[in-house]
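The first chain written gets the first letter, and so on, giving A, B, C and D; residue counts start at 1 in each chain.
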Amino acid sequence: MTSSGWFFDILLVATLVWLAVRALAEVKLFKSVVLFIAFGLLVALAWVRLSAPDIALAEAAIGAGITGALLLDAAGHMRGRAEPYPASPDAEGASGGDTDG
Amino acid sequence: MGKVTAKSPIAVRVAALAICAGVGALLARAVLAIPETEPGLAPLVDANLAVSGVKNAVTAVLLNFRGYDTLLEIAVLVLATIGVLSLSVTQTGTWDPIAAQADPVLSALARFLAPVMILVSGYLLWAGEHAPGGAFQAGSVLGAAGVLLALSGYARPIWVSRFALRAAISVGFVVFLATAIGEMLAGGLLLEYPADLAKTLMLVVETWLTVSIGAILISLFIASASPAEELRRRSGGGE
Amino acid sequence: MAEWIARQLPALVVLVPFTAAPLAYLLGTGFGRQIALISALLSQPLAILLAVTVVREGELRYEVGGWGGPLGIDLVVDGFTAVMVLVTTVVGLFVTVYALGYFGNRERYRFFWPLWLFLWGSLHALFLSGDIFNLYVCLELVSMSAVALVGLTLRREALVAAMRYMLAAILGSLFYLLGVALIYGAFGSVDMQTLREVVRSDTTGQAALALMTVGLVLKTALFPLHFWLPPAHSNAPSPVSAVLSALVVKGSFYILVRLWVDVAEPMAFPGVSTVLGVLGSTAIIWGSIQAFRQQRLKMLVAYSTVAQIGYLFLLFPLVTGGGQAAADAWMGGIFHAVSHALAKSAMFLAAGTVLARFGHDRIDGLGGLSRRAPVTAMAFGLAGVTMMGLPPSGGFVAKWQMIRASIESGEWWWAAVVVTGGLLAAAYVFRVVGPFFGREVDDLDDADLNAGPSPWTMESAALVLAIGALVLGIVGQPLLDLIMVSAPALVAGVTP
Amino acid sequence: MSQTDLYTLVGSALFVIGLYALMTRPHLLHKVLALNISSSGVFFVLVGIARRVGGPVPDPLPHAMVLTGIVVTVSSTAFALALAKRIYTETGTAALDAADVDVGESLGG
């Protein structure tokens, strides 16, 4: 394989791992989901690199697209963030306006 | 109301780290030890591609050689949809009129985009025979078009009938199953496509699968729409 | 016609529930009930025919799509498969009859019927599959329908239990799938028959088996990965609890046995067998003690499942040595799966009747039950006899085989665990059944929670299953013969 | 090291990252995300294996498996999210343990 191919692959997988870690470490749900969607799109790119165009199409449509939309909907439903411990009592029952993002 | 803490206790994290380190080491060793010479089943797939009825090897595996996997996979999808509907507040999957209040910009966009998306979906379905594409990709695009129409208020009347919704969700699985059983009645085995009909039958199955997958995606969104009471309670109602 | 059925039999066994499931969904509640009953009745002769055919002709192989493994997927039926399909079908019929009374015509529970039929079909698909990737899809089908059924009441505790179950089940499936990927990478096939010839005990092979075992052990809820089971099994609607404890946990156990005793037998891992046996023993002791300490009847029955799963895993250390001990362990382990399925479903169904009628299942409030609901108390008591392993029950035969196997193999300590487990089971069964036949307490007012006394079909479904578990010990010989039909080489004592 | 090795190793890493987050992040949405990332990890291992022999056309079988896996994953994700949302509606919290504390006696039929 060419060295530019290698460079691209390594950059791609490094970004993938970084996005995965960021998506899971992020406290704000909305941000977490957006990072995950970005992760999904890069995964689709990786499938192209691995000569798997069928999977790339499915990943973009289903993996990133539908899953992303479902996650956004769920994040909106559970409005808010995964609060750091301990939760402050006055934050309980906070009004519906604290949607992140 | 209770908030969710962001982190687990330190003991849990240390234990999790130990488990992950173990699994990671095991996995890394294992994947690096995979022989580079094992050809897998690729030669066998190649040898039989000509009689499979399609030219795309992945489609041949999915719909013909391992069509049984795909049949069960559709069952998973239908099952998940029934599960989601059983958890939704209305349980019917009918679109709530309040949630469907259309935005003029969105309607204009939908009017333009939906026909294009339906065309793309048709292309992906047809292309799956010889190039990347197929029922799932086509169905997702169709579903996206439906969600767009539903959000802009157009699709509502279609989904009000509960039976129509149920029929659309299950039609792909039912047609796939009927084809499979038809082959048994015709003297073959389960999912044994007669060579001359293979291409046609697979296209029929894929077409209905596309419709079902589209309907399933739309109903997943409809089912997840917040129920009327909750929307009213949040007097803002803007969401 | 008869010839066609004989040829298509393995496919038909899977197709009947899978055809009924979407129809039950499509046509709604009223028809759903009838479709489920028709499917249940149609499955009976098919399962019996499958068993008879296997006894007559040995292993059956059905090439789906006409390709044959390793390119295609095969359905394979040997004695073990036929027994599991048979017990699923029998338990399934009585659970269906019970559910007809339990859920009635209530619109709220209309999703029960398609979900239950999907679960039933998935179990059949799982038992028949001869392909490890296809088994992954089957596992997902089983888990997802089971989880959806747990959450059916929409009660808070049930939803949380369902979620915990779901996360454990998906994680288990992923571990399994990772193992499948590694197997394909190392050996180039996912067809079990092909794999049997080519698996080697190399780095990748060992890692694959380890990952699959962890995933399946999590799904089977073997101690210490059982955390999700008691809440899920006790908070589910009772017909669902019955199916989960009787059949669903055995699905993943079945794959584990196939992998270790059948496919990967050349890899011969005495170490792994011992670990599984030790975990099984711990499950027996710990689960029984927990069962004894529960305040609610359904929790007690659920912890009893944790304990009884332990016995299944004694199969692994006992078959490792081969010979007569292996054959006895094989028969004992599978016979235990069958007798436990009948007895445990009877217990959960009886508990469900109590719950539906009196509105609670607090053990200290159930004294004198035998006067108010004699059939139900009797069903629970008879199922308890099998749980303890007293003669002439099916549980006795199963434990007897295991004790024989452990003496034959010289590993007497497994026999000690079996005996201790029986005594502990007696303790928790008597803790409940004793008061049932004792003085009446005030808590047994008909709660009228769901209107009226339970239909006789519910009470008798539980009783028939309990009696079935009991007489299994007397008429068990044909079943033991069936279990040995085309058994794996290690167990059949044939050197390949 | 080959491209196969690179992607199967990354797959392993993603699987483990998801596993860790599943065990340590209490929020249900994070747990669902974690399982999705672990699934992607498994798919990378499969597609990496398909790529192994080299040549322009990889083995189609793992590709078909991954396509099946993607559909199964989106199905279980949709269901798990519906369950999580319903738990949030019923309990006002989106974590298993917090919701566990408040166990009522109510028994539906």
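Going forward, a contact is a pair of C-beta atoms (placed from the backbone, for glycine too) under 8 Å apart; a residue touches a chain by one contact, two chains touch by 3 or more.
Remember, it's a predicted structure, so these values are computed and weren't measured experimentally.
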Between A-B and A-D, which chain pair is linked by more C-beta pairs in contact?
A-D
Interchain centroid distance [CA atoms averaged], chain A/chain C, Å
38
Between chain A and chain B, tell me the centre distance in angstrom, where each centre is the average of that chain's C-alpha atoms.
20
Distance-wise, how many Å sit between the C-alpha centres of chain A and chain D, to the nearest whole number?
12
Approximately how many whole Å separate the CA-defined centres of chain C and chain D?
26
Touching at least 2 other chains, the residues of chain B are 1-7, 23, 27, 31, 34, 38-41, 45, 58, 66, 69, 73, 76, 79-80, 83, 87, 136, 220, 224
Can you list the residues of chain C that touch 2 or more other chains?
133, 137, 140, 144, 147-148, 151, 154, 178, 182, 184-185
Per-residue overlap in chain A, given as positions that touch at least 2 other chains
54, 58, 62, 66, 70, 73-74, 77, 82
Check the chains against each other and report every pair that touches.
A-B, A-D, B-C, B-D, C-D
Sort out for me which residues of chain D touch chain B in the complex.
2, 4-5, 8-9, 11-13, 15-16, 19-20, 23-27, 45, 48-50, 52-53, 57-64, 67-68, 70-72, 75-76, 78-79, 81-83, 85-86, 89, 91-95, 98-99
Note: in the complex, chain B contacts chain A through residues 1-7, 56, 58-59, 124, 132-134, 136-137, 140-141, 143-144, 147, 217, 220-221, 224, 226, 234, 236, 239
Going by the contact rule at the top, pick out the chain D residues touching chain A in the complex.
3, 6-7, 10, 13-14, 17-18, 21, 25-30, 32-34, 36-37, 40, 43-44, 47-48, 50-51, 56-58, 63, 66-67, 70-71, 73-74, 77-78, 81, 84-85, 88-89, 94
As the complex stands, chain C meets chain D at residues 102, 133, 137, 140, 144, 147-148, 151, 153-160, 162-164, 166-167, 170-171, 174, 177-178, 180-182, 184-185, 190, 237, 355-356, 359-361, 449-450
Any idea which chain D residues touch chain C in the complex?
15, 19, 22, 28, 31, 35, 38-39, 42, 45-46, 49, 52, 61-62, 65, 68-69, 72, 75-76, 79-80, 83-84, 86-87, 90-91, 96, 99-100, 102-109
